[in-house]
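Next up: the structures, one after another.
In the two complexes below, subunit A is the common chain; its partner is subunit B in one and subunit C in the other.
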Partner chain A sequence: MPQLLPTDVFFFLTLFGLFGLLVYSLGQTHLRRPWQKVFQSTQAMVSLVILIPYLLVAVADSIRLEGVLVPQAGEGPVASSEPLSLLDLGLQRLRLSVEKTYSAPLQVELHAREMVRLPDGREIWSTPRLRYGGSHLIDPFKERTSDLFRRAIKGFFKGALVWLMLTVPLLAMVVWWTGDKRRVLLDIALGRSRFPWRAVLLAGLFLAMVVGVLAEWAAVYHVLGTDKVGADVLYQSLKSIRTGILIGTLTTVATLPLSLLLGILAGYFRGWVDDVIQYVYTTLNAIPGVLLIAAAMLVMQASMARHEAAFQSLALRADVRLLALCLILGLTSWTGLCRLLRAETLKLRNLEYVQAAKVLGVSQPRILLRHILPNVFHLVLIAVALDFSSLVLAEAVLSYVNIGVDPSTESWGNMINTARLEMAREPVVWWSLASAFCFMLGLVLPANLLADVLRDAFDPRRVS
Partner chain B sequence: MLLILGVSPEGAAVSLGKPLTASPLLSVRDLRVRFCQGESEVTAVAGVSFDIHRGECFALVGESGSGKSVSALSVMRLLQRQGTRLEGDVLLDGVDLFSLPEQAMETFRGGRIGMVFQDPMTSLNPVLSIGYQLGEVITRHQGLQGEPQRLEAIAWLDQVGLPDPREQLKAFPHQLSGGMRQRVMIAMALAGLPDLLIADEPTTALDVTLQAQILELLLRLQRERGMALWLITHDFGTVFDLADRIAVMHQGVLVETAGRTFFDGPIHPYSQALLKAMPRLDACFERPFSGSIASKENREALLSVRDVTVRYEAQRGLFSRQKPRPPAVDGVSFEMEPGETLALVGASGCGKTSLGKALLGLVPMVSGEVLLAGYPLSGEGGRTRCEDRGMLQMVFQDPFASMNPRMVVADILEEGLWALRPSMDPSERSDRVQSLLTAVGLEASALGRYPHEFSGGQRQRLCIARALAVEPKILICDEPTSALDVSVQAQVIDLLKSLQQRFGHSYLFITHDLGVVSALADRVAVMHDGRLVEMGPVREVLFHPQSPHTRRLLDALPVLRRGRLSP
Partner chain C sequence: MSAYLLRRLLTTVPLLIGINLLTFVLFFVINSPEDMARMHLGQKHVTQEGIAKWTHERGYDLPLFYNGKAEGLEVLTKTIFVEKSLGLFLFRFGHSDAGRDIGADIRQRMGPSLAIAVPSLIVGLLMDISLALLLVFFRLTYLEVWGAALCIMLMSISTLFYIIGGQFLVGKCLQWVPISGYDSGLEAIRFIVLPVLIGTLAGVGSGVRWYRTLFLEEIEQDYVRTARAKGLSEAKVLTVHVLKNAMIPILTGVVVVLPLLFTGSLLTESFFAIPGLGSYTIDAINQQDFAIVRAMVFLGSFLYILGLLLTDISYMLVDPRVRLQD
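Let's look at the complex of A and B:
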């Protein structure tokens, strides 16, 4: 039985909305050219090659099934008590192979020494073997390196094979579509094609190989180690992708109606409307954002506690908290775009085509919809792309000060938060922090690069 | 103080090394400029050759896009755009400018060649004082510091006719008017003691009454200093007043180069057409005199404006106080008849545009009454705003800003019908738009295109069609031709005339150009400081002006454009 949590609903609605917007804007002549620029940019397309897998993971993690049969240690399969996402099912092994406590990446033993009772009854101070990680090895000290190497090679080729299986039909389609076989392939090989095929395919190959190696290792090791309660860090990092992307997209969607409406109204009507809106956002800006979010989250938690009956499962409670966080972040971060839109509208309202529309007796709402909105839309697009990455980072900061997502929700912020205490340990536990950092970088850096290209393409002032 | 001008080390060196023969100061040979972007390539200048001698004024005349400014910028090596290809030889006093290293070129720029740009608003740095910006040039090119530098700066401001130059040194650009700023720009260009001054449309951005003064100043300085002046302009009036030699540029090539004899009869057909298209003051004699004045009593006024006052307030706000400002329009009254053309003229800032916008309801009136066909336009008892607005329409000045870039032409033209005649049949609507498009001389294929695909003149045609779509009784035209090239200007004026004959609407024509007035108007109203100072039939006002303000406007018109019958 599929089950939908509130954030899933909003996430899918947002995705459909974005897709619709893309299709719509590709149909508009004045927007098609900037899009062409984006599609011909190597930077943007390589960024997309990395962003799309992230998105796919997030989607896979948002489709949940209830009552799935889960293999239980020692017994037969048992129906799981909570709904599991497709990602959980795909990563069943990672999810269930829980160690006792910390272990370093790709290790076969626990991180810290502890008392181990030997079969003969003696107790010694040593690092015991892991229950799952590398448990197939008989003599790990001799075999581990060669096993890792062998698996890496295997993963490498598996990745390449998958890439080939995807690339060949794709190229065949391109060739079939354009006709001249030789020239098209030569152009792609030399990087001369208009769409940056070569860069995209090479980025895809790189990605496929990295994923191949990781997957091959993850089958028997903890690639990124385990955390305090022995959960696999790679699994946590992958689960965090959904949280990060959700906060990035849902929050932006939450800011848009406010900033669009208020910004355009303030700029167009000026006078007291402008005054009121300006005072609202200057006041809002004067309050420290973290304070506001902390207060709102506390209120939200209190009201959730009061209406306990409505939130029966833990998952639902964590999910509502995530949604609330998105809304609160959205309500506190709309001012930047609002300011931009107000300034642009101030400029547009004095342009002659707006005046001409007034003279022609066109109604105010129609002027706002047909003359102002389409002409500020590039700003919205640019702001959304730029805000996305800053919001992903904001989540990490908020979780760090404990007002972010629910502690039971996997997120990069929570990973950093739990890892920060362990930084003082000797030997240091670094992998939680490092994994969160790498996964965040992998999402935010391409998102920023893509945003740069989008801004260049859609900002009319940059058009030569 | 003028003595200081002569003491320039660079100037002395130049005069020593200069051969005494009459070799040209600037010699341009086969200049070619191409802009490449990706695979497309645009040729801006296609093989231009000319000489400029010492002490002469050379005018390069052409319409927009003819490549005249690009030629000047490429001579200065200021075209730093990517994908620009420069070819040809440019010799200044025998030195090849194109092969100079950039560092040496920097001393040439401002030092040997000065340049005055079109817009004085943007060519001065707003956060530095006039004295600082002028002093910088003097220090750089004359090596003066401290007190001598200050004296030199004062001398230059005095030279360009800025009142009270000592005080003006401390002024910032925003404290000066447009004309004063252009004078400062000229002082800065001259302070480097250049042999050649390039003036790129030096008066285009200025008010009519100032244009004559600036041209006079340029001419005086050129004669006094004996330098060469390279004037770039689209206006034959300016050329006639200043130039010793004239070159006409068209689509990147020089079609004709001639001396003063040019004005007796240009040889090339393009120059002939250009000269002919220029609206002259005597144009009103070439068309039948409209005798509507005689029968005035019998006819009912279409529009009667009574005592209209418009005042712009400082922005109203919940917490901001209001400061009263002098009114932009101060008690103006006039009447218009069906089918007549009334020209509203005046220098910039006289309130003519404000009056037009007030009639349309774009700007609120403080007091006064406007009756359209006997009914009040605003206030109680008036008909619905919707209908009023259809009867008054407007054509704007800037054809590039007056259409929404995100809408196709069909939507733009139909917009007024959607708003004012919502019950109209779709097929009828598209028929109306089609026939209007033909009426303004465009093809039906234009309907599916976006505004940026049209030239300035075509866009102005579309704007006229958009306004006419709702069948207005009065069309208010706010400088509809001032942003257009001369030849296009003439076409638009002809179009306006023929449309009036066909549809019988009236024009309220707002302009500063008396030549256009003469070509189009039946009556003229002159405004000054928000008040009507003179009003009457076009021949009376233009040739027997009563008000000193009218006379000043007429004096500002270049000699060439005054025509044969000038008073």
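Let's look at the complex of A and C:
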């Protein structure tokens, strides 16, 4: 039985909405040139190659099934008590192979020494073997390196094979579409094609190989180690992707209607409407962002505490908190876009074509929808792209201040928050922090690079 | 000029009223004092008497706007709105939920906040501007391409990593300076160096990008071509002419944050255990002390509005082209 949490519903609605906007804008004549610029940019397309897997993981983590059979140690499979996402099912092994406590990446032993009782009754001070990580090895000290190497090579080729299986049909289609076979292939090989095929394919190959190696290792090791309670860090990092992307996308849902509606109305009607709207956003803008979010989250927590009984499960409670966080972030961040839209609308309303539409008796809602809205679209697109990465980063900071997502939700912010104390341990436990760092950078950096290209392409002031 | 200033001053009044009302609605209407009490006293084992005692001790048991039980003018003044919200206008912050005098705390904690924030601002500004000038000087070369890419890279890393990494590397591994803490007087310098450095590094990505666009916009202007035509070296054109003309947007960006330096940086202060207003706010959020958060929201907004005012004034002083009379 599929089951939906509130954020899942909103997430899919948002994705459909954003996808619809994308398709709509691709069909618009006046946006064709900027889009062309984006599609021909190597930077943008390579970023997209990295972003799409992130998105797929987030989607897979948002489709939940209830009552899935989960293999249990010792006994037969048992129906799981909580709904599991497709990602959970795919990573069943990672999710269930819980060690005793910390272990370093790819290690076969626990991180810290402890008393171990030998079979003959003696007790020695050493690091015991892991229950799952590298348990297939008989003599880990001799075999581990060669095993890792062998598996890496295997994963390498598996990844390359998958890539090949995707690439060949794709290239065949491109060639079939364009006709002149030899020239097209030569262009692609030399990196001369208009769509940056070569860079995209190479990025895809690189990605496929990295994923291949990681998957091959993850089948028997803890690739990124385990945390304090022995949970796999790679699994946590992958689960955190959904939280990060959710905050980046859902927040725009709260932002867009407000800023679009208010910005365009203020710019178009001017007069008292403008005064009121300007007053509202100047007031909101004057309150330092973090403080406003903190205040709103505190109030939200208090009211959730009052309606304790309304939440059937902890998961639902954490989910509602995540949704509320997105809404609050949206409510506090719509002012910037609103101001831009107002200024642009002020400019547009005096242009000849709007004046002409007015004189010809086109109704006001129609002018707003058909003549103003499509022409401020580029501002919306740039704002959404730029906000995404800063929102993902903001999540980490907010979680540190304790006003972010629920502590039980997997998120990079929570990972960093716990890892902060681990850095003071002796010996240092660095892998939680390092994986949060890598996974966050892997999402935010391509998002920033893509936003950079989008802005250059769509911002009319940057004609170059 | 004074008429303009007066008008600007008057426009801030409705803003302040709006902020005051917003915080009032947020903290007392949406969220009743009883919720606060329940949250503080813990979810379970809460008695009605416990809640009543808690709200009474903190003066939260008054009616919101109209007190029917009082006499005379007190009908209006003995209310939450007047006692808790209107006092903010006079910087009467009252007592925190834990019973401390917020006004005294704020005065005492402003110093350390400034000691971190001012050097951070100055060092960061110098660093950002000089690096941006360097990038513009080498524009259309590989250095610029990679420099810009590096900026995006630095921007994509969370501030938390800079702080944690910096503390670990400089404080723990190299042991050049103490990891965290604060001291009064000149001794404080030892504690200030690291936060300032890390703050600069964390801001350098977005800062350099921002100033670079400013300079690139200026460099298209006619006066730059004139300067080149009369034989000035590119370095001189950039440092003398471009920098001078880009001063106005730079100034706008800086002046508006000046008053906010008082409230300090939440993250830096909390990580480095600096007893400033930033860590004060974080502690208040963690302890769910509504009174302090309310005071800080108002103080922060007030300082921001002050910054906007200062920006206008600095415009007037710096740019003779700005005609403010109309």
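We take it that the second predicted complex is superposed on the first by the 461 of 464 C-alpha atoms of A that agree within 3 Å, B and C clash if a C-alpha of one lies under 4 Å from a C-alpha of the other, contacts with A are read in each partner's own complex, and residues count from 1 in each chain.
The rule is short, and it goes like this: contacts are C-beta pairs under 8 Å (C-beta built on N, C-alpha and C of every residue); 3 or more make two chains touch, one makes a residue touch a chain.
This structure is a prediction, so every number in the text was calculated from the model and none was measured.
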Of the partners subunit B and subunit C, which touch A:Ala295 in the superposed model: first, second, both, neither? second
According to the stated criteria, A:Arg366 is in contact with first (subunit B), second (subunit C), both, or neither; which is it? first
Touched partner set for A:Leu118, first subunit B, second subunit C, both or neither: neither
Which partner, once the models are overlaid, touches more of subunit A's residues, subunit C or subunit B? C
Going by the contact rule set out at the top, does A:Val23 touch subunit B (first), subunit C (second), both, or neither? neither
Counting only touches as set out at the top, which of subunit B and subunit C does A:Arg306 meet: first, second, both, neither? second
A:Leu445 in the overlay: touching subunit B, subunit C, both, or neither? Say first, second, both or neither. second
Is A:Val397 in contact with subunit B, with subunit C, with both, or with neither (first, second, both, neither)? second
Give one of first, second, both or neither to describe whether A:Ile138 is in contact with subunit B, with subunit C, with both, or with none. neither
Subunit A - residues contacting subunit C, complex: 279-280, 282-284, 286-288, 290-292, 294-296, 298-299, 301-303, 305-306, 308, 389, 393, 396-397, 400-403, 416, 419-420, 423-424, 428, 433, 437, 440-441, 444-445, 447-449, 452
For a test of understanding, state which residues of subunit C touch subunit A in their complex under the given definition. 14-15, 18-19, 22-23, 26-27, 30-31, 35-36, 38-39, 43, 152-153, 155-161, 164, 167-168, 172, 260, 263, 266-267, 270, 281-282, 285-286, 288, 290, 293-294, 296-297, 300-301, 304-305, 308
Name, in rising order, each residue of subunit A that touches subunit B in their complex. 28-30, 270-272, 274-276, 351-353, 355-363, 366, 370-371, 374-375, 464
Contact footprint of subunit A on subunit B as seen in their complex: 37, 81, 315-319, 357, 360-362, 385-386, 389-390, 392-394, 396-398, 401-408, 415-416, 418-420, 450, 463, 466-467, 470
